[in-house]
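In order of appearance the chains are A, B, C and D, and numbering begins at 1 in each one.
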Amino acid sequence: MTTRMRLWAVHVMLLVYAVLALAPVLLIAMNSFKSRKGIFRDPLALPTGETFSTVGYERVFANSDLWLWFANSLVVTVVTLAAVVVFGTMAAWALAAYRFRGRLVVGLFLALGIMVPIRLGTVAILDLMTSLGLTNTLAALILVYIAQGLPVAVFIFSEFMAQVPRDLADAARCDGVPEFRIYAHIVLPLIRPAIATVAIFVMVPIWNDLWFPLILAPGEGTRTITLGVQQFIGQYVTDWSAVLAALTLAVVPILVLYLALSRMMVRGLTEGALR
Amino acid sequence: MTTRMRLWAVHVMLLVYAVLALAPVLLIAMNSFKSRKGIFRDPLALPTGETFSTVGYERVFANSDLWLWFANSLVVTVVTLAAVVVFGTMAAWALAAYRFRGRLVVGLFLALGIMVPIRLGTVAILDLMTSLGLTNTLAALILVYIAQGLPVAVFIFSEFMAQVPRDLADAARCDGVPEFRIYAHIVLPLIRPAIATVAIFVMVPIWNDLWFPLILAPGEGTRTITLGVQQFIGQYVTDWSAVLAALTLAVVPILVLYLALSRMMVRGLTEGALR
Amino acid sequence: MADVDIKGLAKRFGETAALEDVSLSVADGEFCVLVGPSGCGKTTLLRIIAGLETETEGSLSIGGADAQALAPARRGIAMVFQSYALYPHMTAYRNMSFGLKFQKVSRPDIDERVRSVAEMLGISDLLHRKPAELSGGQRQRVAIGRAIVRNPKVFLFDEPLSNLDAALRATTRLEIARLHKALGATMIYVTHDQAEAMTLADKMVVMKDGRIEQIGTPLEVYRKPANLFVAGFLGHPKINIVTGAIAAEYGAASIGLRPEHLTLSPSGKGYAARVVHVEPLGSEAHVHLRSDALGPLILRAPSDFSVSGDGDLHVTFERTRVLLFDENGNAIN
Amino acid sequence: MADVDIKGLAKRFGETAALEDVSLSVADGEFCVLVGPSGCGKTTLLRIIAGLETETEGSLSIGGADAQALAPARRGIAMVFQSYALYPHMTAYRNMSFGLKFQKVSRPDIDERVRSVAEMLGISDLLHRKPAELSGGQRQRVAIGRAIVRNPKVFLFDEPLSNLDAALRATTRLEIARLHKALGATMIYVTHDQAEAMTLADKMVVMKDGRIEQIGTPLEVYRKPANLFVAGFLGHPKINIVTGAIAAEYGAASIGLRPEHLTLSPSGKGYAARVVHVEPLGSEAHVHLRSDALGPLILRAPSDFSVSGDGDLHVTFERTRVLLFDENGNAIN
């Protein structure tokens, strides 16, 4: 009886929380399938036969470079993610496992990166990108985002790597496993839950970012989806159906990535690789 | 040599961080001692013989109920702190040490309190306070802030209490120590660092809050310092010296409380009560 | 009167039973040791006696009075925990005196009691120190001191030596034995270490899987184990168990032969055996043998034992020393 | 040739020395046990031999070749860790085969080696399991298998039995001894347990505070300890140390008497003594005595020992058994 009550309580609780968190997203998705009148008459109502309309989606697909923006966002996010994971795990392992000169200084430098928001350096970054001729390229965004994501990534990875017993690496060394293979075949598999965690942490702010795309890559060909949708609001200021449709579409890829990563995270946790 | 390098690096690092964190506060304090002209000519300059002026402080003390506001803020903050610490530790200990019906439900209810911002309930709270005739009393603020602070407090206290070995309470029980004394004389001293942590966490948002004072207690007699200073901006919209002086003064009590609490926290940590 | 009487005690967590049908009576002044492998329920039993856990069924009386409704403090017990459970923020003196403040003992009385117990345990110089400033052995003594100071009718010990190193364990064991003689109080002591159990106990209770396997004096249990589990649990090196034809000769499914009851002779009577391995321990040697008739055997030999020739020997044993077990593993009397 | 030769080795961390002036040579095929209390530097020494830590000074050669510049994998060693250090995400098979992939061993060869070693250790059925699905003893075997499969010249064991329970420890100890016989490889084994050291070692190295106190066969070290520390470290119960007039009779500052070398007689010759406490262990008894001339003594007696009368007895010992020590605690030959 207690067990059942407990299960109930947990589920009620999770449900309340899910509703609170999802309500705004669902509201947007719901209204994107309504005509303009339908949206304004009762924004909380579900689309009915009368108010249902896909006009927003039609206009979005017709009037914009939507697919290009998507591709840009995906390229930036995925390349950054990959780089942050690869460089982040390597740096964290180096800091955790080897004693070398300057180890502490590198660690502190990265810690500083967590504490000082990268936007403080926007002017300097813009300067640098202009001199390198990288303005209006996706490379500029990717470089900035790697710099933005790496410190937190190294920090989280380090926490997890501190739990990997030293004896494992020593055993592999006695076994004749090359250092890089120790990192790749023994350490990486053990911190898989951390990789998914970091990926989620790093991914969402990048996908949603408006600041750097606006400053470093506002050109037609390099716009990200978030920036694209904003421009779009300017053009059809009164066409709420289209705005809501574009926003709904923008959520889809990040949702897919998130689901994939969180499944990986849960699998890692339940396998209990480290316990 | 490595040790010295390390010490240097740590200090440089801490210094950079301290400067970043303190710069805005220092800027305000600095400019509060300058004449209006001095502020606008060069806001980053130190007060010189020419620009030095205490006119802001003079006007603040002359023109406002400053001391009343201070007293209100102090009463609200200190009473809330005391209540949160007393009720929070008791609740956390009860949740940690006793198995009783509804234990999980209470825990989940408190967890919900962490996740749902209390401001969502502002309208209901205002309704309630009006029916109770508590509007424009400090009691209204204190009650709301206790509700706001308690869930996080219980959460942090619970984390610390999980580290108090079960055997300690069992030993005391065998020793014939009454349950309340176990809480007061054995558990409380061991989680002293947690108390200071919670106090700091709870204190700062309450001191700085503008929302509830504005809604629940905007009357002349119950204004807090934060609310008072804001009104004050309205009155002397161009008198920056006075505004800056009032802000500087508002920081002082919270700084004193913070220093006292953090010393307590550090003492608790270095004594290593739990290790 | 401080006997402890337990009848038909059971403790279940949902489906799983931690204790099942446990009955035990400990006489006044007796030193009773509960021994068994980890997870056998011995600590749960101790905690139920202390009142820190509640039994699912059964009865428990301490000093003739029903203890089931009493709080731990009112049962007249004192417990020494495996982790010592000293209050970390109090000095040794405060640790020992803290509980007394709630027993309506006067201040001068408390002071006198604490100081005389400290004297007895040789920790008078440590009374102003906090637990973190004490060594493992010193903490142990403060924990014991805290128990003695309450003047309890029954002492409960939960593996009090398991956090000490080997050398300290041997000396502390002796001190506890001495303490028992000096105080004359009833003591119930939980351990998984057979040497502790054998040397300390007046009454030894061997447990397994939440049930009592055998109760008796250490030598009774060692010499007449009730079943194969008890026979194998006690004794180092482990008892030799022989099944098959030889066991059948004795009318048993299996027979047990203690390593110290086997004798080697270079030839002649007995069962042929070959030395497989010799473990020298300095004071004695453990000889591992293989015999066609008996299977693998371990035997205790003097420290100067050495294999002569090809290692072929003969094993003999006295018939009276043989332990007999039936097909269920229970002893045949 | 796989002898290990260490000369003048030292390891210092800043001011503190973990090892100081350690010289040791282990012959090919020898089983060398490093034994001592915790913190004596034995594990550090093993890790230096493995190449996992770097010596501050001194020389180290393995199989006749200078090993100081070589990576662990090129020293021809295999190490078994106290924590087993199995790769948690790999099956037992992968754990054993993983290192071989980097040694240019062909796939069928790897498979054959892993399977034959698994056969030898009786873990063939467990090869598809991950470490989390294995019991402590099984993990232990996989860890040993991983070492054997590499076919090393020297095996290094770092307290491999300390995470096993008492019963398993005794059987695994035997298995390691059998393994040593079967493989004929050089083995260096670290432990703090004197019984393990005595029973396994060909050569026993007793360490204390980063220095070697004595090297010899177990029985040599037991019978002729180089100093008081070694005499006290080995033997259970502990050796009796007698100082004062009796020691002076032997021309020594103190003398050591092993508990098994003392004999009790009801009256007559020898030193008068009184029984203080008897610890029955089933197979034998430890008798604690107090003698005016000799001080407190412990003596090993048969299990049927009992005190008759008022407990007044006489202790005798053979002169040839007495160990002599000078005022610095070193043995007098």
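Following the convention adopted for this analysis, a residue touches a chain if its C-beta (ideal position, glycine included) is under 8 Å from a C-beta of that chain, and two chains touch if they have at least 3 such contacts.
Everything quoted here is computed from the prediction, not taken from an experiment.
Colleague: Going by the contact rule set out at the top, which chains touch both chain A and chain B?
Modeller: Common neighbours, chain A/chain B: none found.
Colleague: Could you tell me which chain lies farthest from chain D when each chain's centre is the average position of its Cα atoms?
Modeller: Between chain D and every other chain, the largest centroid distance is to B.
Colleague: In whole angstrom, how far does the Cα centroid of chain A sit from the Cα centroid of chain C?
Modeller: Here chain A and chain C have centroids separated by 59 Å.
Colleague: Just the number, please: Cα centre separation of chain A and chain D in whole Å.
Modeller: Inter-chain centre distance comes to 55 Å.
Colleague: What whole-Å value do you get for the distance between chain C and chain D if each is reduced to the mean of its CA atoms?
Modeller: Those two chain centres are 27 Å apart.
Colleague: Would you mind listing the residues of chain A that make contact with two or more other chains?
Modeller: Residues of chain A never touch two or more of the other chains.
Colleague: Pull out every residue in chain D that's touching 2 or more other chains.
Modeller: Chain D, residues with two or more chain partners: not present.
Colleague: Graph of touching chains, which shape: line, ring, star, complete, other?
Modeller: Its topology is that of a ring.
Colleague: Output every touching chain pair, sorted by label.
Modeller: A-B, A-D, B-C, C-D
Colleague: Where on chain B does chain A make contact in their complex?
Modeller: Touch residues, chain B against chain A: 2, 5-6, 9-10, 13, 16-17, 20, 101, 104-105, 108, 111-112, 115-116.
Colleague: Can you list the residues on chain C that touch chain D in the complex?
Modeller: 37-38, 165, 167, 170, 173-174, 177-178, 195, 198-199, 218-219, 222-223, 234-238, 258-260, 277, 279-284, 286, 288, 300, 303
Colleague: Quick check on the complex: what are the chain D residues that touch chain A?
Modeller: Answer in residue numbers: 50-52, 71-74, 77-79, 81-83, 85-89, 98-99, 102-103, 132, 146, 150.
Colleague: Please output the residues of chain B touching chain C within their complex, sorted ascending.
Modeller: So the residues of chain B in touch with chain C come to 165, 167-168, 170-178, 181, 185-186, 189-190, 271-275.
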